[in-house]
Every structure is written in structure tokens, then in C-alpha cells.
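Here chain A shows up in two complexes: once beside chain B, once beside chain C.
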Partner chain A sequence: MPPRSSSKKKTVPANAGSTDDHSSASSKAKTKKDQIDQLFDSYANSSIQMIDPEGIEALCSDLGVDYTDVRILMFAWKLKAEKQGYFTLDEWRTGLKALGVNTLSELKKALPELESEVRTPPNFADFYSFAFRYCLTEEKQKTVDIESICELLNLVLGSQFQPQVDLLIQYLKFQSDYKVITLDQWMNFLRFCNEISFPDLGNYDSTAAWPLILDYFVEWVKQKA
Partner chain B sequence: MTMNEEKTIDLGQGWELMQRVNTQLKNNLDGLEPKLSYEDTENLSLEKHGESILTELVHRWDHHIEIVNWLSNCFQYLEGNYISQNSLPSLHEVGITCFRVPVYQELYGRLSEAVISLNNNLLKNQANKGEHIDRSLLKNVLDIFVEVGMGKTYRKNYKVEDLSRMAELCSQIPGGLIIISRIFAAHLVVEARALVEHDEDAASNEKDFVMKAIKLRDKYYTYTNDCFKGETCLLLDLKIAFQEFWRKGVVGMSCSKILASFCDNIIRKGGNEAIEETLQKVEDLLDYITCADRDLFAKFYWKKMTQRLLFYKNANVEFEAFILTQLRWHLQPFIGKMGQMLRDLTLAKQNEVAFEDFLSTIPYIDLGIDFAVTVLTDRRWPCYKSFHLNLPTEMVKCVKAFTEFYQTKKNCRKLTWINSLGTCKLIGNFESKSMELVVTTAQACALLLFNEFDRIKYSDIKVSLKLPDKDLVRVLQPLSCAKHKILKKEPNTQTISPSDYFEFNSEFTDRRKRIKISIPPLVEKKVVVDDETRVQNRIHRSNVIGATIMRIMKRHKVLGFQRLSKECLEQLCSKLKLHRREFKMQIESLIEQEYLMRDKSNPNLFRYIP
Partner chain C sequence: MSNQKKRNFQIEAFKHRVVVDPKYADKTWKILEHAIDEIYNHNASGLSFEELYRNAYNMVLHKFGERLYTGLVTTMTAHLKEISNSIEAAQGDMFLEELNRKWNDHNKALQMIRDILMYMDRTYIPSNQKTPVHELGLNLWRDNIIHFIKIQMRLLNTLLELVKKERTGEVINRGLMRNIIKMLMDLGSSVYQEDFEKPFLEVSAEFYRGESQKFIECCDCGEYLKKAERRLNEEIERVTHYLDAKSEAKITNVVEKEMIANHMLRLVHMENSGLVNMLLDDKYEDLGRMYNLFRRVPNGLSTIRDVMTSHLRETGKQLVTDPERLKDPVEFVQRLLDEKDKDDSIISLAFNNDKTFQNALNSSFEYFINLNARSPEFISLFVDDKLRKGLKDVSEEDVEIILDKVMMLFRYLQEKDVFEKYYKQHLAKRLLSGKTVSDDAERSLIVKLKTECGYQFTSKLEGMFTDMRTSQDTMQGFYAKYPELVDGPTLVVQVLTTGSWPTQPSATCNLPAEMSALCEKFRSYYLGTHTGRRLSWQTNMGTADIKATFGKGQKHELNVSTYQMCVLMLFNNADRLSYKEIEQATEIPASDLKRCLQSMACVKGKNVLRKEPMSKDIGEDDAFFVNDKFTSKFYKVKIGTVVAQKESEPEKQETRQRVEEDRKPQIEAAIVRIMKSRRVLDHNNIITEVTKQLQSRFLANPTEIKKRIESLIERDFLERDANDRKLYRYLA
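Here is the complex of A and B:
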């Protein structure tokens, strides 16, 4: 008998508490949190408690940016989103709080700021590696296929290193040795763009620890020239 | 200086650097050994004999090695990159050659003499416990012999008695046997390598090659047993040397394949008294191959055996069974399969009689042709393509009768007819004479069509046989375009095209009464097996390289790329030639598997992940 009564006690106050929260929306903090949550609810798929790809598409069109815009990827980075195409409520709350925004219009205004934040060097490396991990959709997946890599390269590095990225994509599509790209190779693409003089590639040293795929790439470029 | 080819930095800059290093090096060397000149060595030794020449040799050798080490260190970068990439001899090796050519080639006669006399003195003194002779000198000289590769001529020049005496002596010096055993094994490697290099066409002549390998092994085991009383450390070193030899294979062919072909060869030749002995020798050689290679050997043997049993007219089931018991330890993974294969064939013979009895009991069945079936147990034999073929009524009748018969024996088994393996004997009535034609089932089906029609279009044959184009071309080509033109083709070209017409060639003639129409072999099969071998070899290499990298990293925890590459090269130099690409690939795979990671701030640094 006693155990039963105690379990009842537990459930009843919890219910009461939550209704209480809704009824007394008095403090400012709570209003803000509610605004964030409400915004979340307006895009979320209620059956899974997450914003799904459809919801993200709706969000994009409301923000006036393309679904494939790099700023959406940056937004996902800010949210520290785990799963590609989905935002959980927790991710949404921490992300929006970090951006200091509560409403759609504020979020829209914050996007350019976010972009310049990402473009600072230490953030960018982090964002760049996030972009790769964000593509790992399957459990235990560690590599990303060449086609997605080409798209991703164009998306994240295209504006900064257009000629290198174009050439690299051309090579990746041409070669047949690699079907997938690892995180290490991916990270070294960024290092390559940052460190190697272009278009002469004069300071590239194939005896250094560059991944083999870049040795092949440089060989290919030199042969082509 | 080869350095210039390697350096990617500015040529002038590199050259200047080299000059500076060179001068500095020379100065240092002069201080160390003022009269380093090999002519000097020669002059010196002209006057010296016996022990003194040996002492001088040891002295010079010590200096030489010091210099070689010095130079190797200076050109470490060259060694780690250019040399390893281009599979050139290592700097150490080149240094040794420098010593070998002028010193050894000029002096080996006198050196051998000196060693022998020292041997004899030592033995004498051993007997009368007389004056003390420097044993360490002999040990040092033997060390040099090992290093320079003088062991080769050294041993060759000895007779068995000398060798035995040497063995006795060495067993008295601490560690002496180990040294002599190393010389011995090193010499075996040289001879084995010569065997491989000499036999450029070994691939086409496996038999000779295997016979030579057997001889080589016998020779060394005779030495070991007769002169060294079968010392274990010698046997072990020989085993390692032989393993190394086998692992490499010959001209891109794996040893497993060579040995399997060799077995195939001797089995096809049939039984004689020597076969048991030969098989024993093959088994001895099989002891030296790795487990993976042994599995591969079993697989190759199985394939060869299948071919013998199905296509070789002199196949002998009892003899095969006998060989199987002989080689059973080396055929482990396939032994069950192969036993079942032999049982299948024995059963087929019994069935043949039973089938005839069955037919005689049923009066309404008259096949009109002889018909024999071999039932192969599924999954014991290789996968054969069982393409659909529209059989003529005569054959359909046979198939039906046999199916009925088989139901009476094993009613729950399903029969799949593999038409691609069938052979038919047809009597062709040509103008000059009638001849027996041995053809495939599909070819027989095609030829039988000409009993009804004189001239048939390609497309009509196709409709009758219901064969896809690819297979039909293989059926018709040997009949109309090859040596024996049983069919006349219009137009008379070397290839088959869908617009062709065929006609029975009644003018065809040949001096033989029986003609076997050969079928172009399917090439794909071979490619698959060879690929397997190559893949296995690659896996083996990457395992070895990966393990070496991990061993080094476990010790150092953090290591730069260049040093890791150098250490790995050093540790592997006795096992395999490491290519830079292979090395990089292995590192990348270890990073992916999270055994290693790149340092966050220095990408040329690798960290061990415990």
C-alpha cells in the first residue's frame, strides 16, 4: 500500500507544476524562453518532437535564404546539431540563446553576424570539421562519398578558395582510387588551401605528411599543366 | 650527387649546401682515418699473412663501418625518401659494397687460407690445451664475413670435411654457431634469389622451378645434418630463409599456385614409384609457406583437381584419393569438399550401371543414344554456369528418363542440369568418310539442326537453341571459323555476326577418325583467382606495415612523420621493400581506425591513441 501512494504523489505535483508554468507566464525570462519554444513548435514535427527537413525548409523560406545556403549549415553549427536535417528542442534553445535571438526577425538579422563569426580562423576550422561530421548520417559511418564531398567543398570553401576548390573537385571526379573521403583527408584539404601557394603549388612537399590523395592531386595538376 | 634530383628546393641553394656538408665531412674523416685508401689496404696485406692479415681486416672494417654510419646519418633524408621511393640499395648496403669490391675480391683467397689455418691451430690447441689463441678474432672475422656477404664464397670453397671441422670449432665458441648459421642462411637466400632471377620464365615452367627448389632444400639439409649434426638453430635459420624465399613467389606468381600446378603436373603423369617421394618433398616445401598461402594452395589444388576430374580423360579416382591422403594436412580447408567430389564420381560409375538396369526394366523407353550422367553434389564443386539450353527431343527424352530414375533413388533431391559441362560424341557423315566429333552439348544441339536443314540463319539457330548471343558465338565460332570447319559460314570471315548463314560442310576431311572441337576457354576465371592472390598479398603487406607502425608508435607515443618513416623502413628492410605510398596509406588507415591521430597544432606529428 505505501509504495502506491508515494508514486501517486509524485505524478500529481508534476502535472500541477506544468499547468502552473503555462498559466503564470509572468517573468521576462519565461516569456523569452516561451518565444523560443513557440518558434520551435511552429516548425517542429510534433510526432517526433524535432524540426525535421520539411520544417527546416519552411524555416529557410521564412528567413529568405536558400535551403542549401552555407548560412544554414553555419546555423546548424551554432546549434551544435547532431543529426543532419533535424534540430532538437535542446539544440534549438542553446543555439538561439547563444545567438541572443528570440524571434524569427531577430534570427534573420543575426545571420550575417553569424557568418562573420564563423569566418574567423579558429571558428572556421571547427565549422569546417563540423560540416564533415554533419554528413555522417549512419551509425559508425566515418567517411563521406566523393559526390557529397564535392558539394560540401564548394559550399564551405568555394567562396574563399574558388580556383583550388574547382580544381580539386575536378580531380576528385576524375580519379578512381578513392570512393570516399576520411575526416583526416578532409581536414587536410583546408590546410592545403591555407598553406599551399596557388596555382604554382611550389611549396608542396610530397615527402611531408600530406595524405596520399593530395600527393596524387598535385601530381595530376602538374601533369595537366 | 643524386641529392640534386631529389631536392625540390632551388638547385643552386641545394648544391651549395651539399658542398658545405661534403667539405666538412672530408675534414672530419681525415682526422679519423688519415690514410683511408683501399690500395693501401691491398699493399699492406701483401706482406701480411695468417693472423696478422685477419687482425688488420678487423681493424679496417671497424673504421669502414664508422665512416659508413657517419655518411648514412648525413644522408638520412636521402635515405628516407629518394632511396626508399626508388627502391635503390640502402646507403649501408652501398657502403658494404665499397668494402667488398676492393678488399674482398682481391683478398678472399688469402683470407680464407688464414681462417682455415687459424681454425686448425685452434683445434690443435684445443686438443693439447696449449698456447692461447685469440678466439674473439675468429669470431670478429666471421662477423665481417656475414656482413659483407663473404660467407657465400667462404662456404662454397669448403669441402664437407672442412665444414664439419668448422662446425665443431664454432660450437666451442660462445655464439659461434649462431654466426655460422647466419652465414649459412644468408647464403641460402643468395642461392634462392639466383634461382628466382635465373628462372625468368619460371611461370611457364613451374616443374623445373619446383624441382630446383627441392634440390636446393635437400642440399642444405644434407649440410646441416651431415656437418652440423642437425643443429636446431641452423634448421631454424634455414626455415626462415626458405619462408622468405617462398613468400616472395616468382615472377608475380604466388608459391601456392606454383606448387599446386606442380602437383597437378605430376598427378596427370600418373602413378609411379617416385611419386610418393616427390610428394614428400612437396610437403617439405609446403611447410615453409604461411597459413594464408597454404589455404590458397588448397584452393588452387581444388580447382586443378576439379579440372582433372571433369575434363581429363585419364582421371583416376583411386589415385586422386591416394594423393589426397598424402597431402591431407596441407589441404585442410578443402579436404571435405574434395572427398565428396571423389565420392560423387564413384557413385556416378555405380549409377551408370543402375541406370542401364532401370532402362531395361521399362520397355517403352528407348533412348536411341548412349547417355551417362555424373551427379555432382552442390557446393562441393566450383559454381558452374547452368545456362538454359533448348535441347533436341532425343536429349530431352534422356534427361526425362534419368530424372525418373534418380527419383527412385533419391526422391527429395533436386537436379540442376549443367549443360555447359556436357560433352557429346556425334558421328559426322562427311563425303570422304564418317568421323566422330567430340563437342559440347550446345554444339551438338546446333549441329543436330543440320540433320533437318541444309542452310540455317544465325537468328534461327538462336531461336532453336534459346541461347544468348554471347554464348552462341562461343558455340559456333569453333565449328565454323577455327581449325576444323564442320560448318561453312557465309560470309567466310573469322568472326560470327547475326547476319551470318551456316551450312554443313560435307567436304570437310581430316586424317584422324576422332576430332575434338576445342572451345575457347573462359578467361574471366583465371583473372578472378589471380586477383585473389594479389589481394591476399596486399593484405599481408599492409598487416605487416601496420603492425610495425603501431609498434614504433607505442614506444614513442608521439613521433614526426619523417622519423616514423625512417624507423619503419629500418625495421622492415629485412622483410619487405617499403614504398612511400604504401606507408602513407597505412598511416591514413590507422588514423581512420583511430589508432593514431594527427597532432592538432602540428600536422606532421602523429600521436598514439592508447
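Here is the complex of A and C:
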């Protein structure tokens, strides 16, 4: 049998103009989207169609970042993730698109930029608030227990306000008036760190609108001194 | 007739003979000059007024006014110079007399001269802007006599010397003084002021400075004030007698400054006689004098007021923190009322009912009454005592007076809600034990409280009265329906509406069989007529009257609490009962049971029970017997323990806690009310507004308000503003 000389290559008929670009663009887009989706699938738990904590752990190790690193929290923020420990496909797509990345290596490179983006003041307040709400795992839950708050404080504010955070955590563990923290109190912690001079706390006015827990905190600090 | 020329009538002025005589002016002047001399020599009687007038008139008419005027000046001046010499020559006392006499002469002369020269006065003088004759005469007198070097100082010194003499008690010639001073006044107010008044005031200041120094060293406050008052009155009198009325204010200022203003603080704080001593000893006259004198000087009254205020606060503080006083609440309140009465008297009798002093009194009372956190409780106990027995046999008006005074103290309380709580408790006890002396008095006080604090304060109290009345009707209905029950034990039930009466934890208790059957019958009767209600017996609040016959036949009627009745009835079926048996049978809570056994076994005169061992405390293994040897000179013996008492420490804590709990919803309601109308408000303003709204009930604590705000934020009633963290926003 004579060998087939030339393999019949199916060539796409060269059509003129935009249709060609469009389809190639759309095919490129389709490929990108596919890439994002594929990346999603590689970590997702297929039975629930979401990336679960195990998947996130895997993602972290691939990114070379610790599971408890604040950058993962920032990543969750970028994704506008709703449920702690889980990413949906929509969230994944939103996030990666916003970051402008498609592959794992691109994502890895984008992390430092993400961090500096988050740390700019308007974003940081939003991120800070997100961090709290992310901890509200039960439906109708409005408060977070002290233990978790302490960890969260360290994670989120530690690098910027270490001394305040250390003292605050010490106090929160010591006091017994409050067993949980509300969003209002949480937001005021940030405000406290930003506005009040440390360690003297000289410009703190207890007759102003600070939450009571901070009044007690300041009193406790002053007594220790 | 045609030849006659017609002539108009002309009336011509009567022309005087034309004066040709060149020496006319001199001659005429000489006549007038001579006349002036004569006048000054008291020889005026020989002169013809008409002739002189005419001469003067002619001179002016013929344009010799100037000559006349200058002549006048010269002549008069010459005469005055002579007069000044004669005055100067006068010795000693005659000096003033001479001056006075010459002044009178001069005035008379001046009058005559003016009359003569009236035409000049009216024509030449005004048109040439010359000084009129009369004024001229005064000015010349001033310049040549008063301001004559040899007279000026001497005059002043003489006058001042006389004043000094009078001040040291000598009598002087006041009429003469008056005339001289009047002379100075007539010469012009600047003469009076420069030549007399100013130096007079300076010398007076010095005099009083010295005198005040002397007095303050040797007199006590009351005496000093008397002297100062006397001096002040003297000076006022002096002015009316011989000085210009306008000097009164000035000289009184001097006295006030030197004698009062300069020594104000020293007087007020003088040891043993100062303001505080006067207040303590009710020295109304001295205090009144001090008030009248001090009100004349700047800061005088405020000085008195400040010292009085700090004294009151100190006294009051001691009153309310003295541990001795705190043992008897009724005594405590009575002392406060006495203090108020005393201070009110002082203000009305000595301080002219001055409103600022009244305010100082009020603020002081408010300050120290609230220093003691038990004041509300004690005032309620005082009222309780009065309404139980203190007002027996007191007339209706006097009752009103006492209650009004109590209301005054009530107004000073910052924690009126604490008072309300105690008042309710005490009222409940009074109503239930039937121990109130006068229903009218009770109601009158409620009305007063309502007027003061509004309807909400008293609505529950009124509810309590209503319940009592309704219960009476219910009992009547009950016995009407079951007339056969009249033979058994008489039951009196008071049905209390839960919300109105102070909450009591209802405890268990096993009633004796006869009673429990009766109670059940009542319960079904009541629920028959009032469906949907629930009744629970409050055995810890009831009383009972029991007829008892003791060992030797002595009969007594015992008035006891329900618990005590349950215990006693057990002895109908047993001679001896142990503590444990009693506890089991009655199921009364241990602490109450112990208390009730103690009151029946360990109190002299009320020991209807005997206990073995005879110790004061109730032990678990004690045994009880009826005390057959019980005696009392009264047939009716009261053993109940339902009287309102000063709370024990734990009870006090509990009440306080309940008050604090009640305050929380009130604070929240106030916050919500305010935020609903304002929509957005900043932190400090919320605190202020809430405090103001709650003021009539209690003093709201800013920290507590903050807590409530945070709680409201958590429950999504409020939120913090996103941009300005000091603002709160109302969430509809």
C-alpha cells in the first residue's frame, strides 16, 4: 500500500477579516478561561464543586505560602469569598481576573503586589472589616469569640502594630467582662491603633465615643504602668 | 378847604435833651459809684432807687455801658478786698461767723445793685456777652474772698476741723456750717467740689481707715458691724443737715469702702464671732446687719453667700456621714429637716429672703444629701414612721406641713427611683398590715409625688390602693355567697396585682388544714368570677390573729405572721416538736423559719414558746414547747415581724441591684427616643440629652449610657457613622 504522502491536515479556511480575529480571540479567551477553570478544578472537591479546606491547603503549599499566612486571607478578600475555607468557581474566576492572572506561577508572582494593594489605607479598612466577617461561620452569627479574635488581630494587625496588638491580646485574655467581640468593637480596634499614641495613650479620651471595652483596656494599661 | 395841605399825623419819640456835657459819663458814674459804696456801708436807706436806676439806664442808653460795667467791677472788687481783710482778721471761732455775715451782706448788696443796674443786665450785658451782674457778684466773691490765699486754706481747715469734732462726739454749730456750705454751693458746683468736697472725702477716708483699723483689733464681728452701721447712719444724717445731697452717695462710698469692703474677709472669718458663729447661734439681728451692710459693697453678698455655702456643705456632710446618726433613719431625717428649718429662718429673717441665698441653700442640700447613698431609703423610712404612728393626733394642716417639708428633701434626691423602690416596699407593708394612721395623709403624699414626678411615678402606688379597696369588695362578695363560713375562721384576702406591688419571691408554706380548705374555697370563688387570672398565695406577707389559752388558763389574742401561725397551730396536736419536725411539717424556708421561731421563743414578753436549750440561736436539734408560764399584761399580744426596717447589708445590695437593672431599659428607651427624633447625633450630645431626660428620676452614669448604646448597636437599633466615628445614626 502506498503510504499516504501527506497527512490530511484540516485547515481552517482562511476567512477574511474580523471573524477570524474574533474567533481566534474568543478561542484565546476560551483558552484563558479554560486555564482558570482548569486551575480551579485541580484544587476543587468535585462532589461539592468548590475548593474546600484541603484544596486550599494544597494551593498554599504550591504557592509556597503557609496555610495561616495573612496573604491567603488577602487572597480570600480579593475573591470576595463568603464562606471561610471554601472558594466557589465564581469567586475563583472573579478573583483571578481581578488579579489579572491565569496560571499558578502568575498567581505566585502577583502575591506581593496584592499585599501592597491591600495595605493602602482605604483598602485596608475594607480588608480589616472583611477579616472579621469572614470568621462568622454560623448563620446569624454576629460575634466572634475571644480566642479567634486574638489570633485574627495578630494575623491582620501584627506586622503593623505589634506592640499594641500584643498588649491588647494580653488584655483580652485577662478580662472576663466580654466573651465575644462585635464588629463595632473590632472596627474600633483598628481605629485605636491608628489614632492613639502608643505606648503613653496620652490622647485617649474616655468620655468620647470609644467602645467601653477600650476604656477598660486603657484603664488596665495605665494601672499596669 | 382845598388850600389846606393834608398832613399825616406823626408821633415822634420823645427826644431827650442831647447831652453835650463831655463829662457826662464820669459824672453819672460817680453818682452810681457813690451809691454802691453806700450800699456796702449799710447806708442804702438814703438812696433813691428811681434816680439811680435812671442814671444807670441813661448811661447804657448813651452808649456808656462799658464804662458802667468796668466801673462796677472795679468798685465791687475794691470793696471785697476790704471785706477779705476783715474776715481774715477774725480770730478763732469768729472766722466763720464773720465770713457768714459778710456773705449775707454781700448778697443783699448784690441784690440792690442788680436792681439798680437791671437795664444794663438786660441789654448791654447779653449783647456784649458779659457776665450778668448777679453771677459777676458771685464770681468776684469767689475770687477775692474764697480763693484769697489767706482765707482759702483756713476756711477749708476750719470746716474739716468741725466735721472731725462732730465725728468724735462734740456738738458743733450746724446752722453755721449749713450756711457756709450753701455759700460754696451757690458759688458753683466746681467750687463746692474743689474747695470742700474733695478734701472732705479724702480726710474722711483717712479718718475711717484709722477708725476701722482700731475697731477691728478690739471688737468682735457683731460689735464692729454695729459701729460701722452707726457711722454710716451718722454720715447720712450729716449730709441731710448741712451738705449737698449729692455728697451722700460719695461719702457713704467712702465709709463702705474703708469700714466694710477693706475688712470683709477678716470680719466674715473672725474666730468665735464671724459669720459661721452667727449662723450656728441664730444671731438674726447681727446677720441682718451684716447683710444690709455688705450688700452695699461689691462682692459683699457673694462673700457671705460663699462662706455660708461652704459651711452648710460641711455641716451637712458631717450630718450624713456620721455613723452615729446613721443608726436611726428617722432621727437622721429629722435632723435634716431641723437643719433646713433653721436655715430657712435665717434666710427669711436675716437675709431678706434673698433668692440667691435660697439657691445657695438648695444647692448645698442637694450636694450633701446625695453624699449618702442611703438617703432615699431613710427618707422613705421617715415617712413610713410618720404614717404609721407619728402623725396620730396631728391636725390636718400640720400633717400637710410635715409632708411638704419631706417633699422638699425628696426634691434634692438625685436617685429618686431608689426612693420609689423603697417607698413601694414600705407602703406595701403598711397597707397589708393595716398600720397606716391616716388614709388621707397617704393619699396626700401620693398626690404630691405625682405633682413632682409625673403620673408614671405614682400610677403603681395608686394601683396598690385600688387593690386594697377591690379586695374589700371581693371579701364581702365571698362571705355573701357563703354565709355559713361566718362560723369558722375569718379569712381576709388581699388580692395584689403583680405589676403594682414590689416583687417578692413567693415561698412554700403548708397552711394548717382549716386554713388551706378555706383558702381553696376562696381561690375557686375568685377564679370563678375572674377567668384567665392566676392566684399565688404570698404566705410570707400575711398576718393572723389567734386566740390562745395557756397552761394556767390565761387567755390571750396573739397577732402573728402567717408563718408563725403555721408553727403555733402545730402545737394543737403535739406538746413537743423539734426544729426538724416543724420544718418538715410547715415547709417554711430555713432562714425565715429560724427568724420566726426566734421571735416567739427568745424575745422577752413575746415568748409564747419555750426552747431547749435556752440559747439565742436556733439549732437544728432544738426542741420547742408551748410556754405554759407565758404572761403578758396585755390581752392582745403582737408578735409579728412585718414592720419596715432599715435593710440589712445583703438586702441593700439586692435592692440596689434591682434598681440598676430597672435603669437599663429606661436608659435605652431614652436613647431610642432621642435618636428617633434627631436621627444623627454625636456622642457627647447623646450623653447630655439622656442625662437631662432622666434627671427627674436618677443621675445617669455616662459609662452605663455607653454600655446601653453599644448594646443598641449590637441589636441594630443604632450604627456608627461610617465617616465620623463620633456620630451615631438611628436605624429605622
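As a working rule, the second predicted complex is superposed on the first by the 199 of 225 C-alpha atoms of A that agree within 3 Å, B and C clash if a C-alpha of one lies under 4 Å from a C-alpha of the other, contacts with A are read in each partner's own complex, and residues count from 1 in each chain.
The rule is simple: a contact is a pair of C-beta atoms (placed from the backbone, for glycine too) under 8 Å apart; a residue touches a chain by one contact, two chains touch by 3 or more.
Here the structure is a predicted model, which is why all the values come from computation and not from measurement.
Asks: Specify the outcome, clash or fit, for chain B and chain C once both structures are aligned onto chain A.
Replies: clash
Asks: Is A:138 touching the first partner chain B, the second partner chain C, both, or neither of them?
Replies: Neither partner.
Asks: Of the partners chain B and chain C, which touch A:211 in the superposed model: first, second, both, neither?
Replies: After superposition on chain A, A:211 lies in contact with both partners, chain B and chain C.
Asks: Contacts for A:184 in the overlay, against chain B (first) and chain C (second): which applies, first, second, both or neither?
Replies: In the superposition, A:184 contacts both chain B and chain C.
Asks: Can you give me the overlap between the chain B contact set and the chain C contact set on chain A?
Replies: In chain A, positions 142-143, 182, 184-185, 187-188, 191, 207-209, 211-212, 215 sit in both the chain B and chain C interfaces.
Asks: Quick one: which bits of chain C touch chain A in the complex? Just the residue numbers, please.
Replies: These residues of chain C touch chain A: 682-684, 687, 702-703, 706-707, 710, 713-714, 720, 725-726, 728.
Asks: Please give the residue numbers of chain A that touch chain B in the complex, ascending.
Replies: 142-143, 182-185, 187-188, 191, 205, 207-209, 211-212, 215
Asks: Enumerate the contact residues on chain A facing chain C in the complex.
Replies: Counting only chain A, the residues touching chain C are 142-143, 182, 184-185, 187-188, 191, 207-209, 211-212, 215.
Asks: For the complex, give me every residue of chain B touching chain A.
Replies: 8, 80-81, 561-562, 580-581, 584-585, 587-588, 591-592, 598, 603-604, 606
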